[in-house]
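Below you'll find the structures, each written out as structure tokens.
Next, two complexes with subunit A in common: one pairs it with subunit B, the other with subunit C.
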Partner chain A sequence: MDFLNALVALSNFVIVPAVAYGSQLALGALGVTLIYGILRFSNFAHGDTMAFGTMGVILATWWLQGLGVSLGPLPTALLALPAGIAICAALVLATDRVVYRFYRAQRVKPVILVIVSMGVMFVYNGLTRFVIGPGDQSFGDGSRFVISALDFRAMTGLQEGLAIRTSQAITLVTAIVVVAILFWFLNRTRTGKSMRAYSDNEDLALLSGINPERVVLVTWLIVAALATVAGTLYGLDKSFKPFTYFQLLLPIFASAIVGGLGSPVGAIAGGFIIAFSEVTITYAWKKVLGHLLPESLEPDGLVQLLAVDYKFAVSFVILVVVLLIRPTGLFRGKAV
Partner chain B sequence: MRKLLLASAASVIAGTAAAEDVPIGVILGFTGPIESLTPHMAQSAELAMEEMNESGNFLDGHTLVPVRADSTCIDSAAATAAAERLITDDGIVAIMGADCSGVTGAVLSNVAVPNGVPMVSPSATSPALSTAEDNGLFFRTAPSDARQGGVIADILMDRGIEEVAVTYTNNDYGKGLADSFQASYEEMGGEVTLSAPHEDGKADYSAEVGALASAGGEVLAVFGYSDQGGKGIIRSALDTGAFDRFVMGDGMYGDELLADLGQFMEGSFGAVPWSQGEGTEAFTALTEEAGVNGESSFTRESYDAAALIGMAMMAGGEATPEAVAANLMDVANAPGEEILPGELGRALEILAEGGEVDYVGASNVELIGPGEAAGTYREYDVTDGDYETVQFR
Partner chain C sequence: MSERIHSGAGGTDRARTVLLFVLVAVLILGTGFVQSWNTALVILNMGLVSAIMSLGVNMQWGFAGLFNVGVMGFVALGGLAAVLVGMPPVPEAWAAGGPRIIGALLLSAGVIALAVTLYKRMTPGRLRAFLVFAVVVVGFFVYRGLLDPAKEAVESVDPAATGYLGGLGLPIVLAWPVGGLLAAGAAWVIGKVALGLRSDYLAIATLGIAEIVIAILKNEDWLSRGVKNVIGLPRPVPYEVDLQQDPAFVERAASLGMDPATASSITVKLGYSAFFTVVLVIILIAAQLALNSPWGRMMRAIRDNETAAEAMGKDVTGRHLQIFILGSALLGLAGAMMTTLDGQLTPASYQPLRFTFLIWVMVIVGGSGNNFGAVLGGFLVWWLWVQVEPIGQGVMSLVTAGMAEDSAVRDHLMDSVAHMRLLTMGVVMLLMLRFAPRGLLPER
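What follows is the complex of A and B.
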């Protein structure tokens, strides 16, 4: 019984939240890694692309809610996703046409594109705030929990509760579906293969007749879709606020680099590594150990490896160690 | 700027006290963590200046001109640069601001003190600012958190709660409040199981909530911001079932928080600097008429800060930094005729005739010690998803 309590407490405070957060980071990191692999620069505007896409979803959701459309227990935002993706895709394609294409034609160094993307980031930043404002927006509806802590306690009679939110379940399912589609696309379709070829060796790909503009177009479309989906899942799970999305950039980049920039599998692994390390290393084991150990051995202290103040330090230590030992990341991406 | 130069040039030539623009810096975090509060604060301050201008009684028809600058709330270097620019480029005479405690301290020591420009902050509440080296230039219409910490400890003790976990936003405000709370609470015999900081605007608070849940406590004390990490912590704590009752500091007071989470937070409580009575009502009426959101946090204090700056100039008879620094305490406190929001024109008239005023304003201004508000706190309960006043302390 006590072992069960310990397991439930651990799942509730560590495993479930970290899996949901990891999926959100993984989707974000996938977008970053695709741009790095194919367009060859670190896109600092990714966090704000997510915010912009999510904004599109929110506006569409409100419109649908106004019409009285609802998905029952699921959030209406899922129905609004295509609209958000379309709006986001229009924005990134317009940006590519106006900004990035100019620099691509000149074959500038990647570091210049990074600075350009920072400029784009500030423009997106302002654009999102201009349309929807800087405040918190809530757009989630449907039932909030698959199972709430109280219900779980009543159901099992355990002392500890386990809560699984609808948004967490949706996050995991959507992430799996999206990743499966993406891998199928990259590995099985002609366009996907041409993208990988372009990523591996640009000159060779051009010689073999691959249209670079088409590859770039498809990449941006995929990135817009990934960013919007990741942003919407995050917004449903926590809340939508433009400033938070801007801050998300850091863990997303950490995930992509740890996994290996340019490697899609790496981005997913990186997302989960960063999420789990943030949550587990600073977790206070007092509660779990209290259930596991006999009363005489119960810890008085918190049994915490590091205070939560160091949460972010943990991700960066992992980042530094990975870069020192394997500069290409865990899954052999490109060297940074 | 050009207008100002022309105007001042003209006045030199004419050799008389021609009507001039008097620029006042409004330094608030228009971007950054509290960007959703600052527009209302700035509008309230500007409302006070407009009121004084329109009365026509301000220093021979001089005009108070607000000049906005961004404090960012978190980036001291950016705030310092912004304040520096206002002084060198716009020639501001006084500063209404800054907002967050950290940037306020930075602007004070790096810009205000070296240039001799007085500051009146509507919202910096860190206890550290009470003892900052300010050459008599720093005032605030918000009370220090040293007092708030004691008030919250009192509330907990009165309710018989003797064990709490604490989380605070990791900045000067949060740390100051958490420390002063912990000191008072432990002195009264309470136990703080864990005092853990959280960063604002971050993606995920599972780690913090996990640690706090392990540490345990009857309630969770949250000293953060209602539209920032504080809300994230509460949401996460509720979702995981770690805590279901919270005691909240002033930064956590916000209607949006209750709109989103109020129904799950039944039985939570907290304290917020509050003002009641004629002044507050007059301010509400004034803001409604002007189309400004006067119910948002620190709008009353912002209005009062701007009003005090204008009246201090009037009392000193000149639009200079010295006049503001020398007279601000006099116009804020008794003796004199009590002045409510909307009566600034009359206050200016009294001062012009050499009389005295005791500014009550929107937040019952009473400046104590080194020029900071004494503050009244409203103890509230969260009942049926709404705030319910218990008493004033």
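What follows is the complex of A and C.
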């Protein structure tokens, strides 16, 4: 029995990675849920919006690195974020003007908008590959660790090490800042309140003189920012590859639906639920159990419930359970 | 938008259909004359398969308004069927762990059935939640306890050549209906869960099941050899080598003025074309009969106004489940045909943009709700998908003609030609949705 070492191993392999991944999913799911609430469709292009925004950040990072600019221990990508957000915002606003506005005016069924977003997904995907290619890009710099496993062991004298990567720390801090700003904006500012009003009851909002085009414009701006930040954090933490971003669509949608589509708080809760489930179910528990159980009971196998490749199955099963038991999601979103 | 007055529309509709199909024929024949007959036949064969896939999606979307984004998964299940039916069994692997694996699978089915029965029969409450949860968790561990050692035993049987259970060793054509059945089974499970909820939920659920099917094919080596691929599937047509060694064939080829190598590969491809054409024609006739039957009218009535149909006593969710299963079965059938055509199952080659979203482009371009439209879209979009690359290469060489040989921009542009496809398909889809949302051959 060695409770302390077990706890450290658990934190190192499960809690810290899941918190970082959960923050990334939460930011992605917030974008999906906002579009759902205001524009009333499930945006299949969201994963590729994230990829496009991240590509903007990467290009800006390379440019800054070329100029010799650096943030010291922090990745230069943070400095490049505004540029990426601006590029992404320009793209989604242009898309809205050229594509979505037409259907909005026609008041088509939501499912038509979903199909249209599929076309947009194709185009974004093609654009991203066209500019930066389909391969892996690494763009993280600065120091790699806040605490490395070695330092931690030296500090505490424990057998297990706890490593916290800079990208993980930055993910959490950035996510908290972004979410705080978002909630302040939605709850305290006039524009934010008009957005919530529009989401709750479109007709009533229009009657009280809210300009729908302005609401939509602001929504796209926020979504572009959220997508770029989420994509950049994911890219810093893991790596940037356009196809991976497309695959993030499933966990992101699962997060948004589990929390309740249209509910920002739900999106955040959903993100963490999905992330923690994915990581705990695909983690090999041998090490932690080895510390906790008496030697005679120590497991022989890896004690991994599912291979890492089945992580999509985890989001999927949670999604199915929620759909069966509570289709409106944990926080009573609007969709049934 | 393009509301036309329907007087005499029947005639123009027919003329339009014929004209567009002639265009497809010209494109494929043109490919034959300009590039090569081999290329043309490759396009034709995959076009036939694509047309069946497109008919499947059209059934779900065009007839019933169901949004399936998991086409890739159903197609891949068809591919798995080709392996399970066509490949010879591996007796050593079966001896090592076959029965245990089958036992584990039966057990998992039993556990799920038990959990579902408990959930349905018991009164809602803590006890039910606890029991269902306990059954699932205990069942999962017993299942893994049974499966894992058997799996290891099977996978260690000559892993370089086999390492899997193999198939039944039956004629591969039998795999086509089996592929349809496998896909239908998966569709039943998904439909039970997601139908009756919002349309977006079905989309996301199917997106998920497709990813899971691919993950299973990639990781369950005992079933499909995973990323080691299954190659050398048996064929319903003769092998090129055998034809080339047949003196009668060589003589006939010579009398047509062809060398035996080209002649044999063309003959083989024509053989596939004949098989696929028969299947496509049968399905198309059946789909046309279904569309124009009372059943088809009911489906469209449900699609156009669910509330009204429900008020008339139609079981909307039940009908949706039925057509969702039918459409998915077509996708599985086409998937098995495609794997037969390829002669191999390569799980890593299943990409959602190619196998899900491209099929959607076909349906939308062709005209949702119109079976001929779906077939047309299948051929036309497939031709475009294949030809965008050479066309793009030509355009790019023109664009970059003025640049220096070693210019980085030039290299980048030439490299990105491969990605023109996605961009082109996206633009084609958006343009169609905007300016001709009913497709090239609109629903009558």
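Everything that follows uses one rule, which is that the second predicted complex is superposed on the first by the 321 of 336 C-alpha atoms of A that agree within 3 Å, B and C clash if a C-alpha of one lies under 4 Å from a C-alpha of the other, contacts with A are read in each partner's own complex, and residues count from 1 in each chain.
Here is the rule we go by: a contact is a pair of C-beta atoms (placed from the backbone, for glycine too) under 8 Å apart; a residue touches a chain by one contact, two chains touch by 3 or more.
If you're wondering where the values come from, they're calculated on a predicted model, not measured in any experiment.
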Joint occupancy of subunit A by subunit B and subunit C, clash or fit: clash
Which of subunit B and subunit C A:96 touches, first, second, both or neither: neither
Touched partner set for A:307, first subunit B, second subunit C, both or neither: both
Which of subunit B and subunit C A:118 touches, first, second, both or neither: second
Which of subunit B and subunit C A:283 touches, first, second, both or neither: first
Subunit B versus subunit C as contact partner of A:134, first or second or both or neither: both
Partner chain(s) touched by A:316 [first = subunit B, second = subunit C, both, neither]: second
Partner chain in contact with A:149 - subunit B first, subunit C second, else both or neither: first
Which of subunit B and subunit C A:257 touches, first, second, both or neither: second
Clashing subunit B stretch [against subunit C; choices 171-179, 207-215 or 333-341]: 171-179
Shared contact residues on subunit A - subunit B and subunit C: 129, 133-134, 246-247, 307, 309, 312
Of all residues in subunit C, those that touch subunit A in their complex: 65, 67, 69, 140, 148, 193-194, 197-201, 203-205, 207-209, 211-212, 215, 218-219, 352-353, 357, 360-361, 364, 415-416, 419-427, 429-430, 433-434, 437
Contact set on subunit A toward subunit B in their complex: 12-14, 17-18, 21, 24-25, 129, 133-136, 138, 145, 148-150, 153, 161, 163, 165, 234, 238-239, 241, 243-244, 246-248, 251, 275, 278-279, 282-288, 302-304, 307-309, 311-312
Contacting residues of subunit B [partner subunit A, same complex]: 31-33, 35-36, 170, 194, 196-199, 201-204, 206-211, 213-216, 227, 231-232, 235-236, 239-242, 256, 259-260
Subunit A residues within the subunit C interface of the complex: 41-42, 44, 99, 102, 110-112, 114-116, 118-127, 129-131, 133-134, 246-247, 249-250, 253-254, 257, 301, 305, 307, 309-310, 312-313, 315-316, 319-320, 323-324, 327, 335-336
